[in-house]
Amino acid sequence: MINIGVLGYGYWGPNLVRNFSRLTNARITWVCDIDQKLLADVPRLYPTIQTTAVFDDLLKDPDTHAVVIATPVSTHFPLGHLALKAGKHLFIEKPMTMTVKDARFLTKLARKKRRILMVDHTFVHTPAVEKIKEILRSKTLGTLQYIDCVRTNLGLLQKDTNVIYDLAPHDFGVLHYLLGRNPTSISATGASPHNTGQEEVAHISAQYGKNLFVHSHVSWLSPIKIRTMIFVGTEKMLLYDDMESSEKIKIYDKSVSVTKNPKLLRQLRIGYRTGEMVSPHIPVAEGLAGATLAFVKAIETKKAPASDGRAGTDVVGVIEAATKSLRQKGKSIRV
Amino acid sequence: MINIGVLGYGYWGPNLVRNFSRLTNARITWVCDIDQKLLADVPRLYPTIQTTAVFDDLLKDPDTHAVVIATPVSTHFPLGHLALKAGKHLFIEKPMTMTVKDARFLTKLARKKRRILMVDHTFVHTPAVEKIKEILRSKTLGTLQYIDCVRTNLGLLQKDTNVIYDLAPHDFGVLHYLLGRNPTSISATGASPHNTGQEEVAHISAQYGKNLFVHSHVSWLSPIKIRTMIFVGTEKMLLYDDMESSEKIKIYDKSVSVTKNPKLLRQLRIGYRTGEMVSPHIPVAEGLAGATLAFVKAIETKKAPASDGRAGTDVVGVIEAATKSLRQKGKSIRV
Amino acid sequence: MINIGVLGYGYWGPNLVRNFSRLTNARITWVCDIDQKLLADVPRLYPTIQTTAVFDDLLKDPDTHAVVIATPVSTHFPLGHLALKAGKHLFIEKPMTMTVKDARFLTKLARKKRRILMVDHTFVHTPAVEKIKEILRSKTLGTLQYIDCVRTNLGLLQKDTNVIYDLAPHDFGVLHYLLGRNPTSISATGASPHNTGQEEVAHISAQYGKNLFVHSHVSWLSPIKIRTMIFVGTEKMLLYDDMESSEKIKIYDKSVSVTKNPKLLRQLRIGYRTGEMVSPHIPVAEGLAGATLAFVKAIETKKAPASDGRAGTDVVGVIEAATKSLRQKGKSIRV
Amino acid sequence: MINIGVLGYGYWGPNLVRNFSRLTNARITWVCDIDQKLLADVPRLYPTIQTTAVFDDLLKDPDTHAVVIATPVSTHFPLGHLALKAGKHLFIEKPMTMTVKDARFLTKLARKKRRILMVDHTFVHTPAVEKIKEILRSKTLGTLQYIDCVRTNLGLLQKDTNVIYDLAPHDFGVLHYLLGRNPTSISATGASPHNTGQEEVAHISAQYGKNLFVHSHVSWLSPIKIRTMIFVGTEKMLLYDDMESSEKIKIYDKSVSVTKNPKLLRQLRIGYRTGEMVSPHIPVAEGLAGATLAFVKAIETKKAPASDGRAGTDVVGVIEAATKSLRQKGKSIRV
């Protein structure tokens, strides 16, 4: 039985507590938040969980093996640091930290302390992304050439972070897991129309070596919620639409051909699909269920989870570079 | 009765002939294409139209008042030049020319010759765009802050032009009509995974002065066809989805608010819409019907149409700058 | 604080326990199921809830004020009977019972015992249905003429009940709440292609007096899940699509007109919408949250909830008549 | 070259003329309508076509081999009768006639005169329906058990015919082609809320022997246009959605299983799809293109087309029975 203390009970914390509570080999011992009002419901919903406003209560509890940090991004580093120093395993919300430097520090510290460090790249732990990984591995799509990601919704503007820090870790966390590597250079543009000092919309172009181009559009300024990733290969194309309830993945039997045949051109302009489409069955699962299970399993097996410190660090590298490029009008930045 | 000769009967030409034929105050006199096989159907479908492989037949015909050019982009300038020199009114496919220099030359020539020069920015002449113009004018959305355009489909790769020249004129033609001005600077990224020497996907960021940011995503590498423009204002947001048959325009009663209220934050994350949505009635019409009518009307009234030489020139300026930026890894280019 | 015992912890029971647990003025005291394996998770998830396989433990507990019955339909009557006899308030799953006779008996018994009897017509307690009620009351749609309900999905075939008993109570529960009355006659057809002895698909036509015609299509044989109700009035039409996450209700500014004008006919055939569409904002809420809250509130205020014994009895009347008609090849049955 | 005269130039006539004009082996000689105003555009659009208000001009023209009738349903019989008597091949709009008796008369007359008689069951001649025919023949779906058809839109009310005559021939024309037989009994309900004396919405249940149940929902009272047919087989299910532009057919790898396993039950309730879905490629084509081509080919080859007099007669039998049942409150009628 892994005993876990959760720090931060605002928006995401309750989801974490609910999912960890469902596991048979884990137990929430503490929920901590400096805003005591947020903790009011905990005793009724979870009578065995202790609540506190003092993080130290978790750190000093020898029966608490792991700490979950679900606080604002800017506090991830100092709080994660304390948790690791106290010898706790660490589950930390995305993005891992504000800077690569801080992320590297935590990663090293965890290794030194022989503790599990996992970043909550939630989607990495879903059946849909697992299925995409399997499809890519099988070379069904041929060689990947282009990936187009859109992650937009109506968001409340946040003063302590920009939309890149908020949404891009989802895309680049998944890409890191699928591709096993980071982009080589980044160019980003965007805007902050409400003058909050934080970008509310961004378009991030990422080059992975010479042959793979990726774009991620993240926005808080959209009236509709979109969550799509399109993978274009030499043989087929794959559409991953996370808002679809039963057809999350569609594989189009389509490779683009170079032709000047006007008849074929006409057909394509009108019909634009030339082969069959297959939508594989994906089991239904809450993303966080997979992530919380992976963390506990990593502690038990002493094996690094898919979204470990290195993955977290790499993703911070991308969003740090994207923010930098954006503030230089799209200048290409090496990662 | 305006008599019109059409040059180019490949993909788009038949649509132009069909639409001009429906007008009561216009008549197609000639259809010309160097590929005579393409003309085989014309006598059967349109017994009164003459066919030829020789452009000069149109130019020398004193009864032909106007020429429509629907040939590859690289030929627009020389052929348009001939038509204007011959004293014909000119309807030219988008993009008007390959370069701003050429576009300016044609615009001046048309003015000198007192002939109508119209570029086929088809969507400018649709009821949907007219409705958006009316909504923007009424200040229903407040002040425009951000416009996000997506125009993707599976396209046959073309060796003589890139995806920017093929698709971006639609977006920037509409934007020019709606905003009455051109961007001040452009940054673009993209890729040509099939090594055709022509970009197959591009992401174009355009700054309109300090306060309006626009992005246009154009791609031939998408398994699904998307045609959307999202207008974000200080008061409301408007979604224009041209693939929708009956709800092309949706206006969301939503202004983004700057808040740290966690309860509201939670509500928005889950529900993400906070006001009502209205979809105005848009009459059904083929885009080209409006464009062909506008051309004939411009000739009759001697008044410049909405998509005149200046509009065409400005749009060429954008796509020229975008292509230039793209080949410099996203460097910001002044328009 | 209302103390509640839950009987039945199969598919729906866990949702009931979860929702009642969230209320601040209620507490689950017992969860009971004859299949003890189903109860295994309860102590871990809800340490203060007692579990048992013996219904009598709940009935005899003086501190348990109310009983929730989430068992197979055929057991609703005998178990509900026991609960009311023991003096408990009763929350019973839909459909209330197998027969009108049984439903009437329970309703009378509850009245005699001065206990709250509520049937779980879940959707009655959602913001969307509340909004529709408000719209109908305001006469925005004019006079209601026709209502078309579709409720289909891929269902596991059940041997103890047909699809009418499973799905139609949702439609007719909502209709009873909105219209305040029951149909006057019913005609139904359907089929049981898998020879389970239970209909797997049914089409129910219901006449409400002379001027309102309703159809409900319920099916376990659909590859896609549909949950729609269309309300056709003399002035406008309303579409309620429960599968839509953010635009559950759409009001179409459209009254059908009787015309022979061929031009208008043509326009309608092509465009088929002649006025604007408005989608009001609906707060996001889990249906069961409203239902559980309504039950506790009814006990506290001693006022009958919206889906009380009479509503439950009326709905059983409809599904009983529909099943009868179906087995007589669609013969019209008076309700 | 088959010479064709078209009678009726209201809503559908222009589409017929346009499609027949595109064929290389047919020619429109006459367009006739008693409303001369409707013919005003013809000379401009089709300079070689003669116009007239007198049907006899077509019948007496020895160079006109075939007649197309696109007039109101009630005139189909007398006008078709005249055409066949005059020795013309006959292409007649759906439904073929008002009564089975009239349909049989025309069918016999055509046989006697050795002329082609074809009814315009347009969808029978589309690539999508051809693909479904091929899939059914291959037994991919197993044995057909249930077919659910929905064909609704906002319709202008017509005083001379009900919605069954207007829309149901599409469904039952396709079903006749796919199944090769007619239903054995029919039960229908519906309503005419606007008191036009003609039903505006109808629900038609059709039994094909013991083992196949079909339902067709036709309506002029829907704010949204729906065109779906769901084919449920013992092995798989097929969804045909004619409003989809690129995924008209989806095959779901799903057979319903009879189980009481609560875990599987839960999974299905949430996820409701258990296998993969495949959408085959369907070439894009206008339905009427196939129908007009089939007529000309039938004349040339002297072979009956797919939608011949017998098919037309059978479909009239269904809609006649449905209307009869509807006026007897859903009484089952033998076809």
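Chains: A, B, C and D, in written order; residue numbering restarts at 1 for each.
Definition applied: contacts are C-beta pairs under 8 Å (C-beta built on N, C-alpha and C of every residue); 3 or more make two chains touch, one makes a residue touch a chain.
None of these values were measured; they are calculated from a predicted model.
**Student:** Would you mind naming the chains that touch chain C and likewise touch chain D?
**Tutor:** Chains that touch both chain C and chain D, as defined above, are A, B.
**Student:** Please state the rotation angle, between 0 and 180 degrees and to the nearest 5, that superposes the Cα atoms of chain A on chain D.
**Tutor:** Rounded to 5 degrees, the superposing rotation is 180 degrees.
**Student:** Provide the C-alpha centroid distance between chain B and chain C, rounded to the nearest whole angstrom.
**Tutor:** 51
**Student:** What is the distance in Å between the mean C-alpha positions of chain A and chain B?
**Tutor:** Roughly 38 Å, centre to centre.
**Student:** Please work out the Cα centroid separation of chain A and chain C, and write it as a whole number of Å.
**Tutor:** Computed value for the inter-centroid distance: 38 Å.
**Student:** Do you know which chain C residues sit against two or more other chains?
**Tutor:** In chain C, residues 224-225, 246, 272-274, 277 touch at least two other chains, as defined above.
**Student:** Quick check: in the complex, which residue numbers of chain B touch chain A?
**Tutor:** It is residues 10-11, 38, 145-146, 148, 152-159, 185, 187, 189-191, 193-194, 196, 200-201, 203, 205, 211, 213, 215, 217, 219-225, 230, 232, 234, 237, 239, 250, 252, 254, 256-262, 264-266, 268-269, 272-274, 277, 329-332 of chain B that touch chain A.
**Student:** Please output the residues of chain C touching chain B within their complex, sorted ascending.
**Tutor:** Going by the criterion above, the answer is residues 246-247, 253, 267, 270-281, 283-284.
**Student:** Within their complex, state which residues of chain B touch chain D.
**Tutor:** Against chain D, chain B makes touches at 21-22, 24, 44-45, 47-48, 224-225, 243, 245-246.
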